[in-house]
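Some notes on the structure that comes next.
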Amino acid sequence: MARVVLVGNLAQLTGGVTEFELSVTSVKQLFEQLTELYPAIGRHLDDGIAVAIDGQIYQDSLLEPIRPDSEVFLLPQIAGGSTSR
Amino acid sequence: MAKHHIQAQVNGDEVEFLCETEETLLDVLRDTLNMTGSKEGCSSGDCGACSVMLDGRLVCSCLVLGCEVGGRRIETIEGMAQGEKLHPLQQRFLEHAALQCGICTPGVLVASKALLERNSNPTETEVRYWLAGNLCRCTGYDKIVTAVMDTAAAMRKG
Amino acid sequence: MAETTTNGHAQSVVGTRTVRPDGVDKVTGRARFGADFNLPGQLIGRVLRSPHPHARIVSIDTSKAEALPGVKAVITRADFADQPSEFIPAGEMMMNYKDVVRNVMAREKALYEGHAVAAVAATSAAVARRACKLIDVQYEVLPHVIDAVEAMQPGAPLLHDDLFTVGVEPRPDKPSNVAKKIEIKQGDIEAGFQKADLVIEREFKTAPVHQGYIEPHAALATVSEDGTAEVWCSTQGHFIVRAHCARLLGLDIGKVRVTASEIGGGFGGKTVVYLEPLALALSKKAKRPVKMVMSREEVFKASGPTSGATVRVKMGATKDGKFVAATAELKYQAGAFQGSPVQPGVMCAFAPYDIEHVYVVGYDVVSNRPKVAAYRAPGAPISEYAVESVVDEIAKKLDIDPIDLRMQNAAREGTKAAYGPKFGPIGLEETLNAVKKTEHWNAPLRKWQGRGVASGFWFNIGGETCVSLTVNEDGTVSLVAGTPDIGGLRASLAAVAADELGVPFDKVRPIIGDTGSLGFNFLTGGSRSAFSGSMAIVEAAKQIKADLCARACKMWEAKPEQVEFSDGAVRPLGALAEKAKPMTIADFARVAGKTGGPIGGVGRINAQGAGPSFGTHLVDLEVDPETGRATILRYTVAQDAGRALHPAYVEGQYQGGAVQGIGWALNEEYIYGADGKLQNAGFLDYRMPVASDVPMIDTVLVEVANPKHPYGVRGVGETPIVPPLGAIANAMENATGIRFTELPMSPPKVLKALKEKGLNKA
Amino acid sequence: MRYEAPGTVEGAVALLAGATGEARVLAGGTDLLVQMRADIVDPGLIVDIKKIPETRAITEEKGGWRIGAAVTGAELKEHPKLKKAWPGVVEAANLIGSTQVQGRATMGGNLCNGSPAADSVPALIAAGALATLAGPKGRRDLPVEDVMLGPRRLALEKGEIVVSFLLPPRPPRSSDAYLRFIPRTEMDIAVVGAGVNLTVDGSGIVTAARVSLGAVAPRVLLVPEAAQAIIGSRLDKPAQERLEAAARAACRPIDDKRGTTEFRIDVAAVLTRRAALIALDRARTS
């Protein structure tokens, strides 16, 4: 079971829950499971969420693999030199 | 009223052009003579990107009217390299990476050349004050000043 | 031939100070920037802008302007379809097009002085100028609000009656100027501060500052009757310009071709569109090419500066210097539309330090100012300035060396970042050590002189990147990249291509291709273009090497394991070496047709694995106690580059960022009158550092390889502007004994503070 | 927009006197062109006076110096004898803008632009310079301090131009200095400017002085009280304090984007003292 942590405002869409244990093998699966649990979060996951898997930030990637012992953080995308929201 | 008919010398070539009174030398160089090497950064004499030599004097071409230059000698960045050969300043700006985006570079080079023609051995302070009218937002000036002083040293050795 | 190797990649050109391939054009005036393009029959476009900071637009009568001889088109809000309020991916950026279309051309209201309300295209600049004066706009002037804190007060003039604060539960029932509230939490703040022997809390203010690129925005556009469009413009991302323009004008993306000119500086400010959609709309109407160039005044009044902000920081430490808890509250100006960089501001604030209990809250606040645009490490310099000031105060109070204190609390590999995940290998400690080793750190100081140190952090990003490599008939290599080269990119990419293919540097010709020549590229920003571009080149080169090995196998009737590519040639191995001679890339180029056709590769990646870059700056300054003027005497930058592809241009990024930071700290600011109008919209009174204001900027290139990049590269462009604000504030404190909590530290402010302490005597 | 470049003063005066709409004199153009671009002025006639020989000349006259109104800052700097006689005037003119601006900007233009922050004006006033004007009614000399009445307001009549400045003869042991305050090291408009011109006797006592302040009032000020404060002294501490107090008392500045009222008054006092000490040092060694 991968440990999934929500950073920032996402927790407001999960009734304040910030940590999950999910058995997922990819970011895509992770997003799907979270959306099943909390439909409201779905739109936000498509809309500028970055994923940090074991310390490595992926600005936007659905296909990155997640291992059973992975630690995954969902955080806002960093647009950097481009417009930040 | 009718446009002014002006004859002048630009980088050694005789040129003729027509201009309105309100057109600046920079407008004439860029829009009429299609010499876009001189840049417009502010059109108020505060950035130096349009620096040219007018009768051997360093000026901002945005602060000179086109109709003022009849019979006068203008030198721009386009005339700095001698044929195939780059001016030593141009060469050293490349070697020292003294440019990043490059928009201020033509003005900085024209101004630096004017300095070295008057002072073959400028101190760092003299270089910095001479170039104070040439804004550069990319380099922090360090490599520009280094390149100018290094060029001066090399030119003194000849 | 290879001199060094990082992450298994041999390098002979990478890491050397080559002359940039685009250099000669830039020192001879030949390089073409945004305003240097012209087309036959082109018209000149000009924008009419609002004189009011906040006004309802009752009516716009353009009939007189249209009647003026030489005027070929006039456009207003009526020429742009409204856009829905939803965040949509434009390329990779998320944009709310409801705001984008309103920022490009005011609709219901003018929301800041300089907001575009109409535009004309005419046969000359003079005619366009006269035409603008003939446009009759009826305004209903509304009360305005400039400061973010005032804009947050109940009863403040409301900019958008449909703006409800996101991020507060329950969702507010009344609209406000607060677009968004964001928070990050870690540990237990109360418990954390319980452990603290020393708690310091301070409030800081920073002024909005402009990116200050010397080249004003410029665009040339032409639209044909069949709806195909071309744009030449100065931008950090021509694929982004294409996406925005297609959306705003209702064109197919495939029908819009955008060519990026050489760009005269951007620093984040050229990541959005201003003139491009207007020029296209005018051209569509006039059926002729339209050229538009902003004046410097327009650049200041109508293009994005970065936020001014109010930041409250509270930090707790044990008496031996361990940071135990920290909180911060950030209020960032977004300008007239939501979208300040408060998010990264929140995430970066405490990123350099290992702190167990952290809480940061940020507010994105609209007011009657131009919409902010990204500026170098957006949001980070502001929050990190506040934190670095408090860190320095802790060091003083605990009598600990400020570098040692930072070292003791520094984030390192495995540290859980304040914004969540654990750091991989990072170089903060190395930069602190590097600074401490400099002669600068121990040089003596005189009265009224002070020394300051501060560290800084930026994430860095990767993103979508497409690069092509083509081997020409004579063995030379054409490199096409899709991210504008803003400061030496082509030199870095050509070096990587030369090393990957084993060809001489001067046989690689790198160009920046238009949007028709490559797949989508995200823009030059986030310190990504050299990082991602070099990764894409490695990918493209891999394809070429595999293809050449395959061709060699066919020609030599060999098995794959009997050949290898090294040092620019396919080499036969073992027994095969007896009968076959190595074939260089040039050899293959000559027989390309006979062996399968053109040789080339295309790297198409979404670059991941950007490694954060940390930096530490050291500055000496002297204060004139009778006038309050500070003079920067000496400056040293140490920053982790991972691996410097081109050391000279990496140093250039460090030096340029430091000097931009000096301007931000000492003199740059947007000055508004009570009338809500900008009073210093020019280089005369918007005081950017000039050559005589600054000393040489010494640099130390720290290289802690990024394991996720083939060459170990980290982005370097943004971090250098983060530490200067704190470093200079700390130096001011050491010179005067006064802690300045408001930027800029301009002479009137400094002298006032000195007088209050009775120190204004030499 | 009409452009004329007459070769004589009379020609320039006739053009300006006969002008129907707004007419402007073009010397260096470093203010006029900027104001035209910014739509602040839109003259129907521009009269370029640089083709008039006497506006371009630097000549010795009655032991003093006559400087043409259209002589550029760069040309003043390159005139060693003038620089030795009037270092303060030359350094003030050389503070106007960048090297590029120096190649164009003139003291005539600096004065006639009518800005209280004009750098060369306090130095000229401290020097006791006369402005030689020419107009339809002929020529007249006016002390420089009487030429400017207020922001953009001049004592010139229609058709009248400033042709040249006359700097008086230099008595022995006299010199001048000008200092200005700006936030940067270059390129800014003066937040405060202070010009001091003085003469000392053999024993180092100030026997004559003129003090002028810029950017602290609607017009550049001549401050006789400040001069009185140091005349008869060796510019010792008490005299310096009297000088600072007199300078402060004279200031009537505004708060604006370049500085606060309080800041301007404080810095005016400091710069007056510093300029006086530089002038004193120069006078002793001249």
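Going in written order, the chains are labelled A, B, C and D, and every chain counts its residues from 1.
As a working rule, contacts are C-beta pairs under 8 Å (C-beta built on N, C-alpha and C of every residue); 3 or more make two chains touch, one makes a residue touch a chain.
Keep in mind that what you see is a predicted model, and the values were worked out from it rather than measured.
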Applying the touch definition from the top, give me the chains sitting in contact with each of chain A and chain C. none
If you average the CA coordinates per chain, which chain's centre is most distant from that of chain B? A
Please state whether B-C or B-D has more C-beta contact pairs across its interface. B-C
Approximate Å spacing (C-alpha centroids) for the pair chain B, chain D: 29
Rounded to the nearest Å, the gap between Cα centres of chain A and chain D is 68
CA centroids of chain A and chain B: separation to the nearest Å works out as 54
Each of the following residues of chain B touches two or more other chains, namely 20, 22, 43-44, 46, 129, 131-134
Multi-partner residues of chain C (at least 2 other chains): 266-267, 295, 683-684, 689-690, 692
Chain D: which residues touch two or more other chains? 37-38, 185-187
Throw together a list of every chain pair that touches. A-C, B-C, B-D, C-D
Which residues of chain D touch chain C in the complex? 37-38, 181, 183-189, 191, 256-260, 262-263, 266-267, 270
Contact residues on chain A for chain C in the complex? 5, 7-9, 12, 18, 47-48, 52, 54-61, 64, 71, 73, 75-85
Interfacial residue positions of chain C with respect to chain D in the complex: 295, 297, 626-629, 631, 666-667, 671, 679-680, 683-685, 687, 689-690, 692-693, 746-748, 751-752, 755, 760
Could you list, by residue number, the parts of chain D that touch chain B in their complex? 1-3, 5, 26, 28-30, 33-34, 36-38, 46, 48, 50, 72, 74, 97-101, 103-104, 185-187
For the complex, give me every residue of chain B touching chain D. 1, 4, 20-22, 24, 43-46, 48, 51, 54, 57-60, 62-65, 67-68, 111, 114-115, 129-134
